[in-house]
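To start, the structure itself, in structure tokens.
Naming follows writing order (A, B, C and D), and every chain is counted from residue 1.
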Amino acid sequence: MTTKNLTTWRALNTALKDILQETPESLVMGEDITTWGTGGGIYGVTRKLFDEFGAERVRDTPISEEVLISTAVGAAMRGSRPILEIMYSDFTLLGFDGIINQAAKSRYMFGGQFDCPLVIRTNGGSGVGKAGQHSQSLETLFAHIPGLEVAVPATPADAYGLLRTAERSSNPTIFLEHKNLYYDKGAVDFEPVPFGRARVAREGTDLTVVATQQMLTRSLAAAERLQAEHGINAEVIDPRTLYPFDMETVLGSVRKTRHLMVAHEAVRDYGWGAEVSSSVVEQAWEELDAPPVRLGSARTPIPYSEPLESAVVPGVDEILTAMRKVRTAIAA
Amino acid sequence: MQEFDQRRQGLSGLKTMAMIRAFESRMPVLSEERLIRGSTHPSAGMEAVATGVSLALGPQDSIASNHRGHAHCLARGSDPGRTMAEILGRRDGYGGGKGGSMHIGVAELGILGTNGIVGAGIGLATGAALAAQMQGSDAVSVVYFGDGAANQGVLAEALNLAAIWKLPVLFVCENNHYAQSASIEEMIAQPDLKQRGLAYGVPSVDVDGMSLGDTFTAAAEGVERARSGSGPTLIIADTYRYLGHMAGDTEIYRNQVEVEQWQAKDPIARLVSQLLEAGVITTSDWEDIQEEASRVVQEAEEFARNSPFPDASDATQDVYSKGVPA
Amino acid sequence: MQEFDQRRQGLSGLKTMAMIRAFESRMPVLSEERLIRGSTHPSAGMEAVATGVSLALGPQDSIASNHRGHAHCLARGSDPGRTMAEILGRRDGYGGGKGGSMHIGVAELGILGTNGIVGAGIGLATGAALAAQMQGSDAVSVVYFGDGAANQGVLAEALNLAAIWKLPVLFVCENNHYAQSASIEEMIAQPDLKQRGLAYGVPSVDVDGMSLGDTFTAAAEGVERARSGSGPTLIIADTYRYLGHMAGDTEIYRNQVEVEQWQAKDPIARLVSQLLEAGVITTSDWEDIQEEASRVVQEAEEFARNSPFPDASDATQDVYSKGVPA
Amino acid sequence: MTTKNLTTWRALNTALKDILQETPESLVMGEDITTWGTGGGIYGVTRKLFDEFGAERVRDTPISEEVLISTAVGAAMRGSRPILEIMYSDFTLLGFDGIINQAAKSRYMFGGQFDCPLVIRTNGGSGVGKAGQHSQSLETLFAHIPGLEVAVPATPADAYGLLRTAERSSNPTIFLEHKNLYYDKGAVDFEPVPFGRARVAREGTDLTVVATQQMLTRSLAAAERLQAEHGINAEVIDPRTLYPFDMETVLGSVRKTRHLMVAHEAVRDYGWGAEVSSSVVEQAWEELDAPPVRLGSARTPIPYSEPLESAVVPGVDEILTAMRKVRTAIAA
């Protein structure tokens, strides 16, 4: 297929179409996924799938997150390959038993007898004023759980490619889209993107920045200013999946730049940046010239009002300051 | 038990309903103007439920609301200006802009919040009822939830818990026939929703949610049952929302004819004719009431628009009570 | 529909039930001997339910079980030796010792696992039914759950979902009157549990869970409904467990008289007299059956005791399929 | 009150008695808390409370974790002070909406109008063969959530003292007991233990070890061997609460020992040890002579069989090895 310029939601929509076409075992289910907007879900990702694939394989569901999740697990254990849309990642909390006690452990507890090829598509993140119960970045909770894979696509191409890979996986995957990136545009080459392989979004020599989704975008913007204003050349890495995590690419970069910063939208405290930072410290202690710095959201729920929401999530300025801090830590 | 009195509840309810209608009619406009971020769910058409139930409550009582909760708050007595200010994310909002439309709480009115999680208020109200029971007060609590929320398992758990503990709680299901874009007809197999209450041992009734008198009477009965220690009640109120689920709703899931059929049963128009007929109000009274409603909402909107945005420094306040305990 | 035939299901069921009884009788002993870690929940007294239901199933079908699941597995055809080995945490157990009593799964028999989370099997079976429906097979799925689990909200959600999608699933509630130490009488207000199914549009029946014939017949009816595309069934089976909830249970929540009253309705004794009366078996046949049951269980136990413990290096296997996809 | 030698479960039982006596707003609820064993819950913690305080204040509940949790939240918002026992911490996953979307945010979202004085008592941890769904150490999930306090008592005295503090707090507290420590005995002085104040369980000069619960016990044993066999003197610190976290005590110790190890039973990947390690690195970079090392459970569910369970959770030997590794990292 040739490369096309698509929005993220459209790239995801195309991925779902391709999956439904190629994989007879797949099905798509979720709340309001066929009757909302122009016949897709809340952000359009399931648009017109119903028209093409019908009511058996594209299913609107009641508002019953708990049973939707455990139903998807059961179906996956019996040879179906469900792709479940949970409207906002905050609502997955209603089905955490299904995700953590069932899906994540169904292979292990029974000694490897069962596959669990389940994808839960959902979205996290802030930026559009959806407030405390529709804006969380919960990826760390999932990354901590053995048995789960966690994808955090940032670009349309990765959204397409990672979703294809998630669907082929025999493990349960939490597929975390970002609600403020659905309308971003980018080139999509319609190739699967392997899990556990980071993307170097910007090459650089002086500082390694690991960032995802909205923080990736902001880190790239900050990196330009860092270079222009301070002559420091940052390498920006998008891990794309948190589990598996491509530590090798990060370590390779750190060996070159000797400095590390991690930026995520999840709350900083006990967030996944700590894992990246402390793993790098453990594995590349001698190669670091300064302590790694982590950036994440403040220890607050996400507030509604614009000035408050902006205040708790790191912006470009804050990222820039942190970048400079990493580079000057020793000097300071 | 309190009887529905057209001069008292009828008149007072009409004023409230007119005000709510005027308030909610501003939502699409304010959304369009981008003064509202995120999602806001107006309840025009459904005023009789919140109003009828609220008229049956006393100051000691509490309510837990849902995403479509402005009416629940206003009918309970929340200040329209502060309510609107919260919806616009301003400093004078009840939450100082932290919550927005889906998180309006008013402690002194026992409003445990509108809620962004469909079904979540059910447990909160059950808990408020437990607190009332423990405290030996005669307070009751109410939860408003939709037909969509009725499919959340927590409802079954709460009905059962409230029934065995005889908790003073009213489960008020606003069946407006749609959950976002999902028609209830496709989302449930047993259309008689009150069976869900009966199955768990909770006295359950259907009520015409377009009638203020009927919702008030059903609620008053439930409140009396709760106050007397006889436990919970489930009320299924048949109603309809006129506007889209939220701003930007294309409404491809329903047709205009259906909307108009329901508008023909408008709860406000119906109450007005009743009160006119009964001589409780005159046509000019009704005009005054409408004007007053507009005025109140206009003032509320001005108040909200003029309220400053919160200070960024406020963003990290109120996470823990005065720091965590040491 | 399959009719209950004493010569077929009766005889075969009796053998299974005798074997399950013998198997479960070893649990307290093995716990005492500290060969079983954690918790193990025997179901002596409840054999007719698992056995009757299993007799109505075909090889294409699946089951989801709960914490009290040995009988469900054995009746479904799990090997007693491998089942026992899993309970003792040995290499030859179905999960190689990773799961234990609460996590026995057998993919080739469609056993989606016993389960440590009360109520969790309900969603799994609903999903298995969805898979069957999608795959165009005539497979049905069964979930066994207790009266205690009936208070988990997921049941309500599953009943509704199965009803609207007409999923081929049997919800089998083993009402043994206690959830751990909690008497059902105190934990529900509406004692007629089948109302819970009816409230969501699921055909629901009561059945004497101490009667093999009755449980078989009800299950066969449900299976036929499911296979023919008419959707789910809820079966409430009245039954009782003779032993404590798990090893170490002091049983302060019930008295011996009650236990004995139920033992007087013993499902095995009752079936034996029926079969004797009908001339299907003689007293000496029954002795042979019992001996055979003992022998099978004794062999299973020997097999399990002799099975080696898993190797520590196995502990990190099977978390992901052959590594995560690249 | 004089000091007594008590088991952990008895210390907790005493704390509950004292709370019920002193605080009329308090109530205790949970599954099987009055009718199990000798009239207490599964580990006896609620023993005989029913006899003393009656059915209003000590409530057996149905198996309905989701509504139990949200009911407790609602009651707390209306002036009651519920202490909810969830039989195993694995079951809290059924009520994560109540914990994370409601309890944790109820103060913030409404602008500080509501207190939420709720305690969820539950137990985590492995060691007794309860397998995958009854043995998880989920403390990191809670520590990551703004609005929650997280207590992880190790000793009978701390169990008593932290529970008293939890109950006095106006914030929702997740109180994580450890199922394999209920029968440990120790001196209890019946004093509240403040949150956010670590306990130095063993003084030392050469290495700082931060550990909780079962890993604390094992770290103390390993520390003795480390001293006896290798002449290295470890300081062992029990943070006692993960949020608030007493970083000062840890930093103070690290400044002295110049070496850090963190040991927890939670899965190592994305576990709370990463937060401790990377915070110390950020704040005491110059004072560290070697990279901090983290120990945690393997990335697996907890298996049932004894040799498997032992294999995935760090034991004394493994801790000892890690301690030595921290001290020799530079040399190696």
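Observations on the model:
Convention: a contact is a pair of C-beta atoms (placed from the backbone, for glycine too) under 8 Å apart; a residue touches a chain by one contact, two chains touch by 3 or more.
Remember, predicted model here, so these are calculated numbers, not experimental data.
Between A-B and B-D, more C-beta contact pairs are found at B-D. In this assembly, the chain whose C-alpha centre lies farthest from subunit B is C.
Rounded to whole angstrom, the centroid-to-centroid distance between subunit A and subunit B, based on C-alpha atoms, equals 36 Å. Chain centres here are Cα averages; for subunit A and subunit C they lie 40 Å apart. We define each chain's centre as the mean of its Cα atoms; on that basis subunit A and subunit D are separated by 30 Å. Counting partner chains per residue, subunit B has residues 95, 97-99, 103, 115-117, 151-154, 157, 160, 164, 186-188, 319 touching two or more of them. In subunit D, the residues that reach two or more other chains under the touch definition are 62, 64, 66-67, 90-91, 94, 97, 101, 108-109, 131-133, 146-147, 243, 298-301, 303. The part of subunit C that touches subunit A in the complex is made up of residues 62, 64, 93-99, 103-107, 110, 112-113, 115-117, 120, 122-135, 141, 153-154, 157-158, 160-161, 164-165, 317-321, 324-326. The residues of subunit C lying in touch with subunit B in their complex are 151-157, 160, 163-164, 186-190, 195-196, 198-202.
For subunit D in complex with subunit A, the touching residues are 66, 90-91, 93-94, 96-97, 100-101, 104-105, 108-109, 131-133, 140-141, 143-147, 242-243, 266-267, 269-275, 277-279, 281-282, 285, 290-294, 298-301, 303, 329. Against subunit B, in their complex, subunit D makes its touches with residues 25, 27, 56-57, 59, 61-62, 64, 66-80, 82, 97-98, 101-102, 106-115, 146-147, 149, 165, 168-171, 194-197, 243-244. By the touch criterion given at the top, residues 37-39, 89-90, 95, 97-100, 102-103, 115-119, 148-149, 151-153, 179-182, 186-188, 248, 250, 252-253, 309-316, 319 of subunit B touch subunit A in their complex.
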